[in-house]
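The following pair of complexes shares a single chain, chain A, combined with chain B in the former and chain C in the latter.
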Partner chain A sequence: MKRLPPVEGEGIDRAAPLEFSFEGRRLTGFKGDTICSALAAHGVTVVGRSFKYHRPRGLFSVANHDVNAMFQVEQRGRSIPNVRGDVAPLRAGMKVAAVNTAGGLETDRMAGMERLARFLPVGFYYKAFHGRWFPKWERLIRRAAGLGVVDKANRAFTTPKRYAHTDVLVIGGGPSGLAAAHEAAERGAGVILADEWGELGGSALYARGGASVDESVRRLADIVIAHRGVRVLSSTFAAGYYADHWVSLVGPENLTKVRARAVVVAQGAIEQPAVFRGNDLPGVMLASGAQRLLSRYAVAPASRVVIITANAEGYAAALDAFHHGITVAGVLDLRERSHPSESGLTGAIRDRGIVVFHGVKPVEARADSEGHVRELEFDVEVSKDRSARHYLAADGVWMSVGFAPANALLQQAGAKMRYETAIEQFVPSQLPAGVFACGRVAGAYELSDRVAQGREAGRLAAAHAARSVGAMPETEGAETLRKLQSLVFTPRGSPSHPFPVFPHPKGQEFIDLDEDLHLSDLINAFQEGFDSSELLKRYSTVGMGPSQGKHSNLNAMRVLAKLREESVEAVGPTTARPMFHPVSLAHLAGRGFHPHRRTSLHDEHEKLGAVWMPAGDWQRPEYYARSGETRMAGIEAEVRAVRTGVGLIDVGTLGKIEAHGPIAGEFLGRVYTGQFGALKVGATRYGLALDEAGVIVDDGVIARLGKERFYFTTTTGNSGSLFRELGRLATMWRMPVGLVNLTGHFAAFNLAGPLSRAVLSQLTHVDLSHAAFPYLGVREAEVAGVRCRLMRVGFVGEMGYEIHLPAVDAIHVWSAVMRAGERFGIRAFGVEAQRVLRLEKGHVIVGQDTDGLTTPLEIGAEWALRMNKPFFIGQRSLQALQRLPQRQRLVGFTLPAGSVRPKECHLVIESGRIAGRVTSIQHSPTLGHAIGLAFVEPPIAQRGSFRIRVERGEEVSATVASLPFYDAPGERQTLDEDLAERTEMLA
Partner chain B sequence: MKVMTCPVNGPRPVSEFAYAGELREMPEPGAASDAEWAAYVFNRNGVAGIKREWWCHTPSGVWFIAVRDTVDDVVLKTHLFGQGGDAE
Partner chain C sequence: MSAPLVLMNTSARMRVGCKGPAAETWLAQLGITVPHGANRYSIDSRGLLSARLATSEFLFESTHADAASALVPAKHALELADIPSGVYPVLRQDFVIEASGDRLHELFAQTCAVDLVPVERDSSAAAGPVILTSMIGVGVVITCRISPEGPRFTVWSDPSYSRYFWHQLAAIATELGGLTP
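And then the complex of A and B:
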């Protein structure tokens, strides 16, 4: 191998040499080289070791399918595994090493693996990986067969995602894709053209037939690049097609997600190898790969080649080799004669004195002492039953025997395929609406046909894009296809050979270079009964390596079809799922993005030493830490402040919703179990919401601010979903109700404790006396100069006011309340103290003391039900449940002094079986002992005692206690005014 | 990602939408037997085919009905509740 003198259109910059190293050797390439082209220019023929047998391997496709040219690349302090050297650009200072070797590429200690081949039969994993030997096998296999090594010291780097919208997305910048992009843009469509190479032109750039690049393709590429309607994304491949023309494009740095109105797939075809003994030797490669090296990188991968062919493309490759000064030892045509349309090519071959053999059957490629190919042995048919054996010395064997359409994205989009025997290839038989195919993927091989079909696809795509406004389906797939296929192609020979597979008595005909599978492996798998394409694939692992079968699936299918004595179409194409090429995880990984919600008082809590806890999406103060005070002591002090003085808690995380309209009350009466049509203006009522099965889903306080205006709260976690569901109910019931979600707009805090009125009275002119503003009342009034909604509620079991106000004024009013409360010893309290306080009062928390099966009948909330209403959600189910025996009942319980304290969710055990569970448990500072809530079976509730299993299987006994634990008569809410005043004065 | 067409806001990515089950006819609560009511509350028709479903365009809060073929996940039609013809 050597670097050629300058080649027309070469992609390297000879003025910009780049130093790099390969397996410790210092080498120089040029800017524009790939790792592999730079290696080839230095005569490096062995670039990797095979996956299973550690055979030396060389360049093969030079098209991002070379699984044996994968490297561990160290650059700028970062070590990246599995870099595809056939396409990865060379950079200065790269340290390149082969993957999957033990002790280096040339002295791989695993090179003897092949002698073990007969002990590693097909399906080896399934046969060997059993029982207690599994971990041993796994370790052994992981060492012997693998790819690169992830460097855990690498720092993570982020690759921002991009989004794009376009009328027409054209995938593939070969002649047909260029024509499609041009035609669509000329018709006014916005076009994105994505091409995986650095330069537009596709195979026209390298498959030149010994001449220059076709001038019309060059011109078309220039026009497309300059066209205002086309955005060209080069070095970018389409990784997958997702619903409704949503395509992921992978560029060198970014992933771009494109939404298109129409997609043109012009991805071409992937050249396929012939299967014969020694077809994996370094030096044996696809003709298209050799042509890429010649034209793009000015590298001659051999000095003397034989070309195995079955199509016009192989003759053109021979002319390219000759043009660049490579001796063509022979063109070996598998066919008995070439197609009449190839006379121009065959004439040119003859003129150059190149020998052509017809009716060739490759027998074996042989290697020299370094493993590189040195000779091809083949048979030539002389008569019907006689053939002559030939040998040709060569350091390069190029194969041009056929193609597989790159139709993965078409299939992902839902296109159906049929096998066209005239070209021995799958072509689309049905296209989804808005998806178009052109060029070699659609069966057009002659340049003029590719361009004509591309133009037609571009025209149809632009028309579709102009028509389609939404994603509503259209039934135009069949019509589209008729138009695309009604073009009459130029007569030519089949580009693909129907069965380029040549068994050898000694085996080693490689059918899958990724997975080191021989022809015999497939035959054995078939004979073991894995005789359908999906079974064969999984059992033998054919097509499951890093190239995902791009060079093996078609031949495997042809072998299977032959074994089954069926057509290739009957065996069927396998679907290639995304990604089309491997995509680095860095491209796919998103940033860690978990938004937290903060209330408008967040900074105030921070100043007060809040210790944060998550509550749904929200961050809430669990308690406020003070120096020299433990967590427990702090929580108890907060509880004491509320019970004996005054406390303030931020409840801004509650859902806050307004309902407007003449029938708003009636509407709420259908949603909640209580009666709201009759609720007086200025009053609030507890609201309990059920689902259709009668299960509790939410609760809150509903306030009537005006005749046609309600304001109500929901639990923190449910505000979004409940609000949404209210919208659906209003729609379904055809009830015109205005619903406004004020959750984020409003702040709320609860001023609670016997001294709460004393604090509030300093900040407002509203009459706070019991007569004027009784328990469960609601008033709109100014507090510290801000108009607020005041609700007298008692969740924590003390006199208190929930103050709701626009979030923008929250800090002002909160601070005013804290200042006014200073002389009363006011203390901010957190979620944990509130949990203790409400538990002392026996109030349940929906979602903690209830679960997805709990009805109001089980938690003693019958008082909240108006069963005689015409309708509320869950009413009919409750009527049925009332007639059934109760499943469980929520009870309060206490523990004997000194008992081990159970935890929430510890089980109630009755005669060895589960009979309930603890839902809440706390130490009550007010009462001086532990209190809890538990679900138990009704007979247990009646009996009055039960046992709870705690950690390590121990059991503790619990005694049923009547609820609430604290202030059973509810006197704290209507605290005698004189008492209140006396307390205030004392403070 | 699929595109769904909101009858008010037009085609939008499906991530902007929330699904709320099949559109079902509630039996008259007073007239239904316990068994009929339980069937309505607990049983859903899981047979793949053309379904009429509740969907919400969440940024705007628009509830509507999508007629969807669950065999191949194609939305055949979307319309506001009560504006889909006689099927409601």
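And then the complex of A and C:
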């Protein structure tokens, strides 16, 4: 056991033992342990295998910053992959297993992968993954790589997302964050303080230098926790920063989206490794990680350590090790001498008899037979051109050579960075309004500086929050920064070494543990021409693993800067994107909110056996299933009912909008391609809406109900966006038009078929004769006692009436129509029958027969354009397009008898190239054969035939047919009234 | 004593809407006064809620039987389009939920991006701000009324979303220990 006697401030409850298993081995930890601390307490040194070479890996950062400590955890019947053992609390009964192994951690069958390293150079994916070898490589890599295993048997569980609001959000609960939160709260601001650890205090809790936790930090944490103005969210990290001070906070149970008036980023700095041969061996770890284990979990990760350092923090780590009874074999300082400000620490080291080497160059960490570190080989510079080789036996090598600021959120917020060579670190050079930085992320390392800077950041953030959001002038950001950075006044040495990278002739100096990248991989990538930080990242994959470069990006930048013979600042950091830490899919998914709409007739359709299909947000009946009738038979029967008798379809999903005012007609004339200012009251007209490029975006029927009153429909999917666009246009054009969106408040159904008039006439007193109520007319009248709007429409190619009415009355009128139609054999018809009917009539559906590039000129809708109008949206583009050769043309087509029927989106092929596509195709029960619409190149349309490629590369021939397929003269809309009456009598 | 979260469907109340540059004057002629500020509501002694949505759109709802009679003339005039130029009827068939109880704000925290705590703070028994926003993907109008039992929020939404909206809110409310009569 490596568990120490009780340690001051330890976070474990020794009275609460928890049993768990690791790789089948039964172990015991304590409440308060993480998975990693509990394993370390049992002397488990190898906790996982590396991603590519399957090298044994041990604890490294103990801070959720590396990929070594990820586990498959089974508990309460769930198996969760990639649990981050550094921060995941130990629970009783957990079954923990290493990820990325084949056959277990100790008996991993892939352990020999490293022997293949020379065949897997940097960028081998790109070189190998093409041609006939691609499938083989893909299978091989998929088997060899991958982290945890998703258990598909797991039941989904909801992790509700939340919104939260605050004046000031402080991210990071170290000394500077605590000071900022306290100061802001004292000034009356509401504060949320988020910290990724379970206890506030940050590095002050564990980096003690052999002493107790600084009492001032502990006291400040207590004050902040007790403060009424501060809400502390512990075990919660900020994953991403989004516009307007939205920050996503990921807690143990769920994700919270916080909107803050001001944000203080006090996320500290991430300790960085030295790069030398064998730096990934189990037992080689960051000093801060070892200190966490010692102080928070009372676990000694080694019995004899060597500490590689280049800063005061390394000396403090040596004192912590000594304090807990660990033998410090030596402190290996990469610098030629320590900074004078470190005299207190170096004196304490000397007093304890610890050997210190200066001017050290690590050569190699060597492993014992179990793969754990046993010895460090290093050189010590004796003179300018001579060094002496040394060896120190140790079961622990701790590295404290520098830090990278945790500035990802600052970058996402839009902060600019500069490289400060005095501390070998990027610091903010420009902060956006309302964003403040303090502590190590802003370059302050001494405790007093961090607290002072935190207080100032808290003061400024509270003041900003008290003003209206966004009122901070740009210049204030620069002034804020100047104030904050002026608060770093304690002289000290740089906390970071400028180039802690030590090449070895035999390689294996790991620069990225996630991706098993060696120093040579970066050099090779550079030599292959990937010489910018973004290119290097993508080609080598440095920083692209689960830890997102927290311990690799800075060293990679330094290497690249060295190769380019430029400064680190000139090389620049790669773009920081959310998420800062990996976030589980359960957190991101949250509770499923998928808004869906129902028409007011939904229950009526259910009663009629509707088979549902989605249409935008809506559910619509695809067809109505009847006992003993197949889907196709049902659809064809619905089509026949409309063609020969009468049918009723719910079209309540159409957008329904009113436009009011003296210039409403003029307004609609600018939006739609037709002329509406002169539209007669009581008449309707087809409307086609374009964008500025002349591309079709919507269509509908515009009805004039009164001199200053228009009512019009939009396509189902576009009602919301078109209504918003109309509001924007009215504002932009300064046209006082009253727009009312009735989509959800109005119902609509279409009574269609030669007998529709006979049915409707039983329910209304309005004169339905062709002379009184012609095709494309609109009337307001009572139907079944309810005031409705009736529109003579012909979308399905038969005489028909769209009945629009308040949603609350829809069931009453629908039922009345169905009853009145009973003796005429009325049948409800669904979307699929409607598609067949409209295709027979050659009517297009916007979005199906058009795409994001289709103009009216290509679908033969020139008749809907009033090009002589002064203006409509898209007019100028169409004028230009009219002068150009056409790209494609929508044509009708038929197929030879017995031909394989293509599907929508199947391609038209001409001389081996794509020359168009099928947009609609159906079997027409009326015509007895397949009919379709397709985009083809104009010469093909003229030629009159083309070929369509169907499944398995087969091609079928198609013949261009004139449109419409059905009722070309349009006689069905002006059905002779005697004929109608005879048909009605017959019915 | 703690009050459980309660959701109540109040869609059946009489409701009238109109908008337009002449709407305020026309309403005054009918004896209906409206709040002065944009996005404000008030409730008169009869229980008639008058809400100004943005600047020139109005929503009226009878929260008490006495208020219904005050709305009838306006309702009839709007239905028959018997209104002056510059007044446009707005059909209101909203799905309306009233929510009350101790964990109201937890319900809103899971469903709405707008901070409704200040809305409660700025509301009284008969007046307060009107919020036009969205909840769980549905456009809504929200008001808060302070009663002796505590705050009571009213949420108006498009009726075509009613089933989805109710089911989602009721599921969350149930998780929060609430009641959905």
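For this structure, a couple of remarks:
Here, the second predicted complex is superposed on the first by the 580 of 987 C-alpha atoms of A that agree within 3 Å, B and C clash if a C-alpha of one lies under 4 Å from a C-alpha of the other, contacts with A are read in each partner's own complex, and residues count from 1 in each chain.
We take it that contacts are C-beta pairs under 8 Å (C-beta built on N, C-alpha and C of every residue); 3 or more make two chains touch, one makes a residue touch a chain.
Quick caveat: nothing in here was measured; it's all calculated off a predicted structure.
Using the contact criterion defined above for the overlaid structures, shared-chain residue A:Thr599 touches chain C, although it does not reach chain B. In the superposed model, A:Gln72 makes contact with neither chain B nor chain C.
When the two complexes are overlaid on their common chain A, residue A:Asp244 makes contact with chain B while staying clear of chain C. When both complexes are overlaid on chain A, the residue A:Ala693 reaches chain B alone and has no touch with chain C.
When the two complexes are overlaid on their common chain A, residue A:Arg728 makes contact with chain B while staying clear of chain C.
When the two complexes are overlaid on their common chain A, residue A:His165 makes contact with chain C while staying clear of chain B.
More residues of chain A lie in contact with C than with the other chain of the pair chain B and chain C.
Contact with chain B, but none with chain C, is seen for A:Ser877 once the two complexes are overlaid on the shared chain.
In the superposition on chain A, the residues of chain A touched by chain B in one structure and by chain C in the other are 257, 259.
Residues 242-244, 246, 257, 259, 469-473, 692-693, 724-725, 727-728, 731-732, 734, 871, 875-877, 880 of chain A are the ones that touch chain B when the two sit in their complex.
Chain contact summary for the complex, chain A toward chain C: residues 160-165, 257, 259, 591, 593-600, 602, 618, 658, 660-662, 706, 708-709, 736, 738, 740, 742-746, 787, 806-808. In the complex of the two chains, the chain C residues touching chain A come out as 19-21, 79, 81, 85-86, 88-94, 108-110, 112-113, 115, 117, 136-138, 158-164, 168, 172, 175. Put simply, chain B touches chain A in their complex at residues 1-5, 10-11, 13, 18, 20, 29, 32, 34, 37-38, 40-42, 54, 56, 58, 61, 63, 73-77, 81-82.
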